[in-house]
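Okay, so chain A shows up in both of these, paired with chain B first and chain C after.
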Partner chain A sequence: MPTIALIGNPNSGKTTLFNQLTGTTAHVGNWPGVTVEKKEGTCNVGGEEWTVIDLPGIYSLSPYSPEEKLSRRYILDARPDLIVDVIDATNLERSLYLTTQLSELGVPLLLALNMQDLLKRDGVEIDTEQLSRMTGCPAAEISASKGTGLEKLIGLAKTSVEGHVVPACPLFSNEVEQWLTKIIADDYLHVIPAGRPPRWAAIKLLEDDELFAESMPAPPPAFSAMMAQARASLRKTYGDDAESVIIDQRYQVAERISDACVHAIKQGRKEFNLDTILTNRFAAIPLFILIMAGVFYISIQLVGGLTTEPLEYFFGEWIPIHLGGLLDRWGVIPFLSGLLIDGIIAGVGSVLTFVPQLFVLFLLLSLLEDCGYMARIAFIMDRIMRSLGLSGKSIIPLVIGTGCSVPAIMSSRTIEHQKQRELTVLVTSFIPCGAKMPIFALMIGAFFPDRWYVAPMMYFIGILAVVVTGLLSRRLDKHKEQNAFIMELPRYQVPTLKNTWLQTWERTRGFLIKAGTIILLSSAIIWQMQSYSFTFRAVDPTNSMLATLGKIIAPLFKPLGFGTWQASVALLTGIAAKESIVSTLSVTLAGAPLSSIFTPHAALAYMVFILLASPCIAAISAMSKELGGGKKLVKALAWQTGYAYIAALLFNLLGMLVL
Partner chain B sequence: MSPIVANIIVAVVIVALLAVAICIVHRQKKRDRADNAPSCNEKYRFNGCAGCPYAGHCDKKR
Partner chain C sequence: MDGQEPKTETLASLTSGQTARILGIEAPRPLKRRLMDMGLTHGIAVTVLKVAPLGDPMEISLRGYHLCLRRDEAAKVSVERTEGITCQPSR
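Coming up: the complex of A and B.
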């Protein structure tokens, strides 16, 4: 089965093209860094199945970042049948730098000139034929988001693979070329690992590429002497080291090609630059707070207020009355009807009640991502992040964390410095994920229906926890590492219906699957544990095995205001999945109102504790993987839970005074 | 409907729901494990994976 690898600069539309070609629903965002690992799918090319690989976005093949290493290693080791270089056509010159490197790998190369719609809007045209002639690669004009030009791209891909046409390599200055010829002719080049073209290997040796040097045996003294002579000669001629000379000459090639191929055909439409407001140093943060407050107000307060009551009635009253009545008439024994109605339906139903507001929350977050605002948030927060001892890249996990902590924690892998990466893993779960939202919605609906600021406040308490943890860690850390985070701000764009729908649906689907699996199973177990004693006799819930367990840990939470066995047990089941807290409360309260076990200030403290305490088991497992398990994981969980306990205690005391 | 048949139907429905849920969780876990396999950490690759936190669990499955 032939394999195509999609490669290109960050945010050039690789994942959008991947989704179009494979019909999959990989996460797409209008901001760089969405793809951390490679993704695989299949595409139908003239009745034949082809494998399509989506690689992380990179600016070059120099092995300086994990993404660059991953992409370079994949192409060199796996040797795909075709590389599709996804180019942001509105930024041709910059994109061609990577093209000059890809063309040296000895693999057929196809240029996909993406974002044609934006190019036309700018009044610019690219002479595709000229570009093909100059690079020696076929090129297709496409718009991945609109799905145009894909047939031509697939046709060219087929021709390229069948013909195995390797592109022309860019030519450097005479002196560089002479040295490359000498290096290629040397016997030492006979030992280069399989799959590495001699010219590419010669360039890497001249550049003194460490990663490549490690894969080679030690060079003979004569070869080392020749390399030293070559580097000294280049330094003398160009006044710079060999690597910089080659970089500079690559840019010259890219500039020459771009100048010959890009033509302005009309005056581009002048647009008002939104960034003058949205990234303004004074207005940016207040606007960010306002936008996030709006997102939570619309989803939790507005939509939640409209949909929660009818759904609660449906799952809490309509089904028990009608189905319960039917089962009674049929003579079904109380154990089975109780397990089905009071256990499974009550538990799963209590979680499903929040689907509409979560759907709206995910929809709004997807819109913010797709239009390009999330990338601005990263830009706004970069300096703050670095002052907290975090990397600028830490914002990526924190943004992904609003959906689910597991992929968010995994995305911290791209942070180079270990301390910053570990700190990011630790703070990521402070950001409220989708699973925590039903708990907030439940509590806010019951205790704070008219206080619009409580839901956004939870988000900002999470951010405050990130800040406090960062500041403390920075104070304790003697080795203050700093690294630059280069992120290109993507264009603002009207979110596409398909992308927005895919992202929203993926997140909602994940929530629905959890409700139908983990929540269903835990509700069935919880109902049995609260209906039976340890001797397996049907008892009153207050004497059940669940109550017995709950009463053991409940005193721990008494200072926080929620020292009842129901609230404590719900926290335990929340370790499996945070949504379980809602279903456990629903099953254990058996129709009694939340106010029977919570006061408003206890409810606030409960929300704060759930927000900040150790995440669910899936996120803990992701943390363990990224931290390397052991001591570091225990320390991280202890910090999260300890911080949550103190914060909840403060909110309980504060709530007593204010509420 | 006789109570015995009704009880059997309800029991079968509950068991089926639980079985489907367990199967989905199991399948999801397997898929997650495959999806989340980290990339081979090149830094340790030239040392036989010694000291690599992902040794044996990465996409190279060394």
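Coming up: the complex of A and C.
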């Protein structure tokens, strides 16, 4: 079964093409670095199943950040049968720079000129035949978002794989070529690892590529001497190091091809540049705050106000009354009807109440991601984020984190600098995710219905925790390393209906699945554990095994004001999924008001603790992956939980004075 | 920055709307490579489009696309101003 790999610059539309080819719904967005992991799917090519691999975008085969390393390693080690070089046709020159590197790998290469629709709008035409002649690769014009040109692409892929046509390598200047010939002729080249073509290896050696050098045994002295001579000679001719000379010459090849193939056919339509407002000197930051506030106002306040009450009535009264009556008439044993109504329906229903709000939140976030605004946020916020020891790119995980921390933590991978990346991973879950929303809504509804500022305050406390953590780690960081922020600003685009729907539905579905699995199971278990004692006798909840367990950890939370067994047990179930806190409280209270176990200031402290303490298990495993597990993970979780404990303690004490 | 002659202009010293040609990059290897990978190679024309609200980073246009980078990085790129010649129109 042949394998084709999709490779190209970040944000060139690889994942959109992947979704079109494989019929899957992998996450796409409009900023460089949406895809940080390798994804696999299958595509039907003339009745045959082909494997399609989607890889993180790269600008060159000399990687800079971890996800770029993954792409390079994959292409070199896995040796796909065909590389589809996905090219943003509106950005041909820079894309061809990568093509000059891909064509040296000795793997058939197919150029997919994406974004034909945008190209037409610019009034530009690309001579595909000429491009094909100059690069030695077949080329197809496609529009991945509209799904056009795909049959041709698949047809060309088939002939490429069957014919195994390897593209022509770009030629460097005579001097560079002479050195390359000498290097290739050297015996040292016999030890290059499998799958690396000699010419590619020779270029990497001349460039002194660290990653490649690591995969080779130490060179003999004669070879090292020759390399030193080569580099000195190139420096004399070109006044720069060998690596820069090669990059320069690759770009010259790319320019030559691009100049010969791109023709302006008419004046492009002049578009209004949204950046005039959105990154405007004065308006940019207020607009960012306004947009984010708008997202939360619409999803939580507006939609929540409309849907919460009827849904609460539906799950809390209508179903229990009708279903309860039905079960009674059928003579179902009390254990089962109790489990179903007081356990499962009370638990799952309390979480499902929030589906409309989350749906709208996910919808709005998906629009923000698709239109191209995320990269602008990074641009306008970089200065602030830097003073916190973070990068402008850290703002993207923080915004995505308002939906769910898991993809947010993963998206931190595009941050090149390791310390900034780890710090971003640590602070991302301080931003309240969608699953924490139900808890806030529940508590605020019960204790602070007239205080509008409590909900925004939660976001503010989360942001403050990010700031405090950032400043502190900056103070503790002795090295104060220099780091860079280099990012492409993509074009704005109108999000497509199909994509927006898919992204929103995919995330909502994830939430629904959780409700149907983890929440359902934990509600059922919690109900049983609170209805029976350790000797499996039906008892009053206060003597149940759940209460016994809860009472063991409850003293820990006494100073925070919520040292009851119900509150403590709910926190524990929150490790599985934060929504479980709501379902557990609803099951354990069994209709009693929240005020029976919380005072208003304890409720406030409870929210603060949940907001800041270590996230759910899914987010913890995402953190573990990004931090490399072990000590760093333990430290991060300890910091989050310790910070949460102190903050909750403060709020409990302050609350006692104020409320 | 370090070791540069005072007369040489850097990308960081340009203001919005100015266009210049790149002469060379003086930076640690990974950074230099990254900047060159992004197309900041010798002789290429770049136009400064705008500076972020808080004074840093800056947005430039080159090779028909838009890139943002911090002043610290821009200060490592030496340029020669080319009045009158403009880059491709911005998007």
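Throughout what follows, the second predicted complex is superposed on the first by the 545 of 659 C-alpha atoms of A that agree within 3 Å, B and C clash if a C-alpha of one lies under 4 Å from a C-alpha of the other, contacts with A are read in each partner's own complex, and residues count from 1 in each chain.
Operating definition for what follows: a residue touches a chain if its C-beta (ideal position, glycine included) is under 8 Å from a C-beta of that chain, and two chains touch if they have at least 3 such contacts.
Values in this document were obtained by computation on a predicted structure and should not be read as measured data.
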Chain B versus chain C as contact partner of A:332, first or second or both or neither: first
Partner chain(s) touched by A:90 [first = chain B, second = chain C, both, neither]: second
Which of chain B and chain C A:273 touches, first, second, both or neither: second
First, second, both or neither for A:187, with chain B first and chain C second: neither
Intersection of chain A interface sets (partners chain B, chain C): none
Complex interface listing, chain C residues touching chain A: 24-25, 29-39, 41-42, 44, 50-57, 59, 63-70, 72-73, 90-91
In the complex with chain B, residue positions of chain A that touch it: 37-38, 63, 66, 69-70, 73, 211, 214-215, 327, 330-333, 336-337, 339-340, 344, 410, 413, 513, 516-518, 520-521, 524, 618, 622, 625, 628
Footprint of chain C on chain A - complex, ascending: 59-60, 62, 64, 90-94, 97, 239-240, 243-244, 247-248, 251, 271, 273, 275, 279-282, 284-285, 379-380, 382-384, 386, 392, 482, 484-489, 491
Chain A-touching residues of chain B, taken from the complex the two chains share: 1-3, 6-7, 10-11, 13-14, 17-18, 21-22, 24-25, 28, 32, 36, 38-40, 42, 46, 53, 57
